[in-house]
Amino acid sequence: MSKRKRNNAQTTLGTSPGTLTYVGADVNYATKITWVEYNNEEYKVCQIPHFSDLNQLELSKNKRHWFNIDGIHEPQVIATIGEIFNLHPLILEDIMNTEQKPKFESYEGNQLFFTFKMLNYNATTREIESEHLSLVLIDNCVLSFQEERTTDIFLPVQNRIVASAGKTRKNGVDYLIYCLIDLVVDNYFMCLDCLSDEIERLEEDIIQDAKPLAMRELYGLKREEMTLRKSIYPLREMIATVLREDYPSITHYTSLYFRDVLDHTSQLIENIDSHRDLIASLMDLYLSQVSNKMNNIMKVLTVISVIFMPLTFVAGIYGMNFDNMPELHWKYSYPVVWVVMIVMVILMLIGFKRKGWL
Amino acid sequence: MSKRKRNNAQTTLGTSPGTLTYVGADVNYATKITWVEYNNEEYKVCQIPHFSDLNQLELSKNKRHWFNIDGIHEPQVIATIGEIFNLHPLILEDIMNTEQKPKFESYEGNQLFFTFKMLNYNATTREIESEHLSLVLIDNCVLSFQEERTTDIFLPVQNRIVASAGKTRKNGVDYLIYCLIDLVVDNYFMCLDCLSDEIERLEEDIIQDAKPLAMRELYGLKREEMTLRKSIYPLREMIATVLREDYPSITHYTSLYFRDVLDHTSQLIENIDSHRDLIASLMDLYLSQVSNKMNNIMKVLTVISVIFMPLTFVAGIYGMNFDNMPELHWKYSYPVVWVVMIVMVILMLIGFKRKGWL
Amino acid sequence: MSKRKRNNAQTTLGTSPGTLTYVGADVNYATKITWVEYNNEEYKVCQIPHFSDLNQLELSKNKRHWFNIDGIHEPQVIATIGEIFNLHPLILEDIMNTEQKPKFESYEGNQLFFTFKMLNYNATTREIESEHLSLVLIDNCVLSFQEERTTDIFLPVQNRIVASAGKTRKNGVDYLIYCLIDLVVDNYFMCLDCLSDEIERLEEDIIQDAKPLAMRELYGLKREEMTLRKSIYPLREMIATVLREDYPSITHYTSLYFRDVLDHTSQLIENIDSHRDLIASLMDLYLSQVSNKMNNIMKVLTVISVIFMPLTFVAGIYGMNFDNMPELHWKYSYPVVWVVMIVMVILMLIGFKRKGWL
Amino acid sequence: MSKRKRNNAQTTLGTSPGTLTYVGADVNYATKITWVEYNNEEYKVCQIPHFSDLNQLELSKNKRHWFNIDGIHEPQVIATIGEIFNLHPLILEDIMNTEQKPKFESYEGNQLFFTFKMLNYNATTREIESEHLSLVLIDNCVLSFQEERTTDIFLPVQNRIVASAGKTRKNGVDYLIYCLIDLVVDNYFMCLDCLSDEIERLEEDIIQDAKPLAMRELYGLKREEMTLRKSIYPLREMIATVLREDYPSITHYTSLYFRDVLDHTSQLIENIDSHRDLIASLMDLYLSQVSNKMNNIMKVLTVISVIFMPLTFVAGIYGMNFDNMPELHWKYSYPVVWVVMIVMVILMLIGFKRKGWL
Amino acid sequence: MSKRKRNNAQTTLGTSPGTLTYVGADVNYATKITWVEYNNEEYKVCQIPHFSDLNQLELSKNKRHWFNIDGIHEPQVIATIGEIFNLHPLILEDIMNTEQKPKFESYEGNQLFFTFKMLNYNATTREIESEHLSLVLIDNCVLSFQEERTTDIFLPVQNRIVASAGKTRKNGVDYLIYCLIDLVVDNYFMCLDCLSDEIERLEEDIIQDAKPLAMRELYGLKREEMTLRKSIYPLREMIATVLREDYPSITHYTSLYFRDVLDHTSQLIENIDSHRDLIASLMDLYLSQVSNKMNNIMKVLTVISVIFMPLTFVAGIYGMNFDNMPELHWKYSYPVVWVVMIVMVILMLIGFKRKGWL
């Protein structure tokens, strides 16, 4: 990731600010545009075959419109959409900049702009994959932009519109915005839960046997938590801003729901913070386990040395070749030496037992 | 717990927000509804046989009403109650969501909504068990919702209403709300005291003998403290919000009592924070004890090596088989070697004594 | 202390809030009430023989009155005083609750209520002992409540009133309140100084020789600092509140003095914070000393092993019983072996010297 | 750097505040002044041969003027420019004081003053080199001051003005200020990316093999991060101040762009903070690797001791010279001893295998 | 220092607040009073022979007056000055209380009171020495109080007044106050630079060879940093208060300069904070060096044991006295044993080389 980032900085350094440059992963899909037109009574979902067709659309005032743009890697497409909907250049820049951190901005002409990340925990690589999302709210129209990936992540909301004339269709586009953000926040909970599981797994690993690998995994986990935090902290601030300022395009009714999302993001942040704490404590626990292991190793070494060094010394004594060593010639001295040595061992074992080393 | 949480996220992901789903532990009790009607002069406590009977109740205006709903796992029940009392859908969702963190929210129609946790320290599993509680204040009526567990935790308050025409009966339903919250906060103090005792027990354990298990227990304790913190921090904020905003349904008289509760929650938080500090210090203390133990082990090893290595060397010398070793043939060389070795040992012991190793 | 606390929580759980219960240490003194009546010209100090006599007192309006109640363990006394002076039930509860953290509260009828702790460092038990104090200011009357202990801690102020017609007598009862608080704050400085001395003592202990006991003492010190902090942090907030809100009973003149006390509490907090820092650093210093000790032990072990293992090996070689070992039969091989071994030792000692291990 | 700083403090101590003193690295270039005059239609870039020529310039009102002063080491030049443009003495002082931390200040006469650092990560010395920059905005005129170094760092912006009649030329001098600041902020991203790469390199180093050098490099990295932080934190505050206060010389249009830069600085700070966290975790990881290494070393030592000490003891036993040792004379006792010893070794190896030490 | 403090607390405990007591180091100089009278055109510097002479002075209204009182240990002198200039008793108390932390206070009658510390790093004792300073601004008159030490620290400012009719003489006494504070702040930079040098010295010491002394020195350094912080943090707050409140005696012109000083104090605080960070990191670095040293020691021990234990065992085998040991009687077995042993050593050395232990 840091590689990509640098390339970004290097290539854009010196270019005029506001230039549209895609900095994300290389993709070669064509941008897919879905138009969802709906109100309380009816709805219509259709694909826009080519982005230039957007120009000829006539948007009826008593319907809500949702353009879901799947793919943000073609500057030309983004620029055209920007022209048609009269978006501020900084919006366009942020839509394409996959490195942009989550933020909310309001521009003239009642344009509300949200950008944030969809996160996905990849269990095999043990990494969080992020997808850059942007939402624009203009009048009765929502534009959603997502990085071209395997699946359309906003599909559940689309399905909800199709499925029933429920809340989503009854309410305005501000409620649609809420639904899309809520979907993403729910997803964050899933990510966090995956990380919780990883932490629990590591917890057991460390408690049972402090393998050297555990520390590295903890470190990896910490990195992922930091990635998560980078997405969630600004998200909360973003929703708080929406609620603080009283935008006419967000009805009082919907703002209650936004407050609910705010509440969820607070919960997310608390969870992340407690994960952070847990990981730190696990590192301490790991280090204490390593120290305990060391103590155990040292105990084995000390016990073996304390037992065999005196014995070897005794054996060494009677291996000396002095002419005048009376013990050597006594009849029972050999078995006596054995008895002495066995008694020594027993005494030492009792001593160690008392010290709790065995 | 994290398992449950994930299930929650996974099953609700993509469903329309505001859908009623129970995510807590499985239970198969029927919901029990108790109706307490009281004023200064009289009171009546009765069980509502079936939740559909709630519809036919007539609530007299000059009495206070308290509906204690024991069981939040049946969406149908909650939905019916919501309809009867005209509760906001988000309230209903939060009542059933046992993962919801404590919060306070005011809705149109003077509805005040409180949700928080009852905590219980289970001494055998050494875990804090939490029970999801919700209170709704509408006009002269309080609805209390609790997870169906073995005991009705609001019983003491009910008994107080029954027992005497004291403060609780004299004052309005806002005072009842205060009593219920106060009961829970008192309970938190008991939980904290249990944890204090655990900390003290571990303290003694660590000071006397730093057993490897102590660190794990400290870690477990830390987790429990974090659980506690997650419930208490938002509780304080919740009560502070109640006091900050000037709700007509909370009289000035009762707000003094709420301020008292706020004070108690601050005290709780301070205690938790100091526990946190203590646990961190105990971890340090534990690690220092482990290091000291290691030092002692190493001292034993070193003392034994320093004493026996030279002795063994001397014995080895006179075990050599050179033809020309005059010492071997002297008459007193064997006892002299013994004397030399004993002197060496004594000198080394004196040296260790001086170094403070013995 | 935590024992007492739990009893408290357990016995009061479920009782109506506002019930008067004494939770402090058991005492069997009778409550002692001193009445100090004074103005610029004259003063009178007298003991109230029985608390019921308070009822018959007539308080002249142009004098200031100070009732010093020595003993808060008799609910009956406190209740009677509360009735006579018309105190809010929450005030009475806080006066008797020795676990109450310091706070300031203003009640209707211009009642200002202060509660805080007198702290005393007991040099023998190395613990801070706290005494629960409460002050109530009503009109031209101050009530001071203190736990019945050996000495009357407000005596110095009383003596000042007796001694001279100075500032204390010239000024109103708000100045008296200030004097009492100032006395306590001065006492905190003494406590802190005792702890400073303990820290310095430990500092020297650790620097000279890191005894295993030092860590425990540091931990004990930390606990005491936390006790201190728990009393001082809310004290500052309490005085800040007094200054922020503009109470008519506190004159502008006296508020300057209160600001001075506020300043002192800030200084106290800074000192506590720096103590905390110092203790943390001392723990680090201690651990580094332990590590250094370990290094020294290991050096001794390694030096002795490096020297004697090769020597013992050489001796072992010539202790072998092969028939065909020509060296054994040479005339000077024995002294040569000695020379070789001495040279080896010298070389190794030089090597260690160079490495800085000796 | 600290050397230079001290010299600064020592030499300026006691001199009248506001005296112009250059405290940066010694340079012997002459100050180079470039005058860029432009509006939407045309532009002119020219070198001012000598700073005294500035006096004779006539600045047309309907053009924007940018004076790029390359070199801040000549007090005379700075003083003259200050006189011509009527700059406040404190501005002049800050322009020359290369130790000045980034700040923004507005002075009378609509003078806006920005000072900050250009940072450059030198890959060979592994140090961040900083260059002191200052910008002054007066009416339709921008003065930019930079330390005389090898390259003119504002060249890209100058080229942009030359290249096209784009945004930079269309907009006012406030937009020019924004462009210059944006250039520097982009540069910070590059620096951070270099440090990210270093962190990743160290990460791999530590995970593969915890070389003693790694810790020092981490420490060095930390120092560089701190240097970076010292430049970026005040930069954010500086831009936030510009946005908070509503200066007439900053149009609403440009302030949107400034908000964008603010956003980038927040991102920078977050990155620095997460670097800080990562470095701390890497230190922990390193220490745990060192401990693991130690454990491995100790295992080898213990295994070898446990195996050979008993064997040597057995050999010692049968090296004793007692007259009466029947085993010595049995026929198969020698091979039996060998078998016993081999069995012992095998058993011990199995034991170690089970313990996971091999 | 803590000794002095306790004496203070003990002696003043119970005395009436506001009593003048000197608590600093004992001195036996007489207080020296210098009167500097100046305006744009002329100046006069003279010594006041005795403090009682102050009473007869007539201060002309169109001149500025600076009374520099050198010595704050004589309560009588301070009290007299307080009477003459009509100072608040709390001012007098703070002037004499050398333990008073820096603060700013405004009193009635436009009296502005500043008190802070002059700091001096004593390179030999490695301690920061502090001197208590106080400034009072009344109308066109400045009173400066300093502890009687070897040198008059305000001399440079006095010299500036004498030297030229520059800024200092042109501007009012508020500018004089600024000059005096600026002088002290410049001095703080010098102190910090000394500490920076100490840190760098320790850094090199630790990187080259982690001597046990380094940790103690780091600890000592930390203590000094804390002393510094205690003086500088309140200083910033003090100047911020001056700027926030809009005192008539501080002109707008001078407030720009005060803002500059505020800026410098922020810089000081940042430097202290980064020092703190560096010291913490250095402690970590030190501990990692100690661990590495330990690893190296253990490696030596292990290498020597792994090499010599098997060799000694082999020698032990052929030192056994079994009758039936065929190898003993083979002709080449002795040289063969040597070859085997040498091969073993070579193989083990290769193994260690591969492990990177040699």
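Each chain carries a letter (A, B, C, D and E) given by its place in the written order, and its residues are counted from 1.
Here is the rule we use: a contact is a pair of C-beta atoms (placed from the backbone, for glycine too) under 8 Å apart; a residue touches a chain by one contact, two chains touch by 3 or more.
Owing to the predicted nature of the structure, the values given are computational and were not obtained by experimental measurement.
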Checklist entry - Could the interface between the copies subunit A and subunit D be described as same, meaning over half of its residue numbers are common to both, or is it different? => result different
Checklist entry - Between subunit C and subunit E, what's the gap in Å when you average each chain's C-alpha atoms? => result 26
Item to check | Cα-centroid distance, subunit A relative to subunit E, in whole angstrom | outcome: 43
Item to check | Set of subunit B residues in contact with two or more other chains | outcome: 287, 291, 294, 298, 301, 305, 309, 312, 316, 319-321, 325
Checklist entry - When you draw the chains as points and link the ones that touch, which shape shows up: line, ring, star, complete, or other? => result ring
Checklist entry - Reading round the ring, first subunit A, next subunit B, what is the order of all the chains? => result A, B, C, E, D
Item to check | subunit E partner contacts - residues on subunit C that touch it in the complex | outcome: 156, 159-160, 166-168, 178-179, 182-183, 186-187, 189-190, 193-194, 196-197, 200, 207, 256-257, 259-260, 263, 266-267, 270, 274, 277-278, 281-282, 284-285, 287-289, 291-292, 294-295, 298-299, 301-302, 305-306, 309-310, 312-313, 316-317, 319-325, 356-357
Checklist entry - Which positions of subunit B touch subunit A when the two form their complex? => result 2, 5-6, 8-10, 12-14, 16-18, 88, 90, 101, 103, 105, 107, 209, 212, 215-216, 219, 222-223, 226, 230, 233, 283, 286-287, 290-291, 293-294, 297-298, 300-301, 304-305, 308-309, 311-312, 315-316, 318-321, 325, 327-334, 337
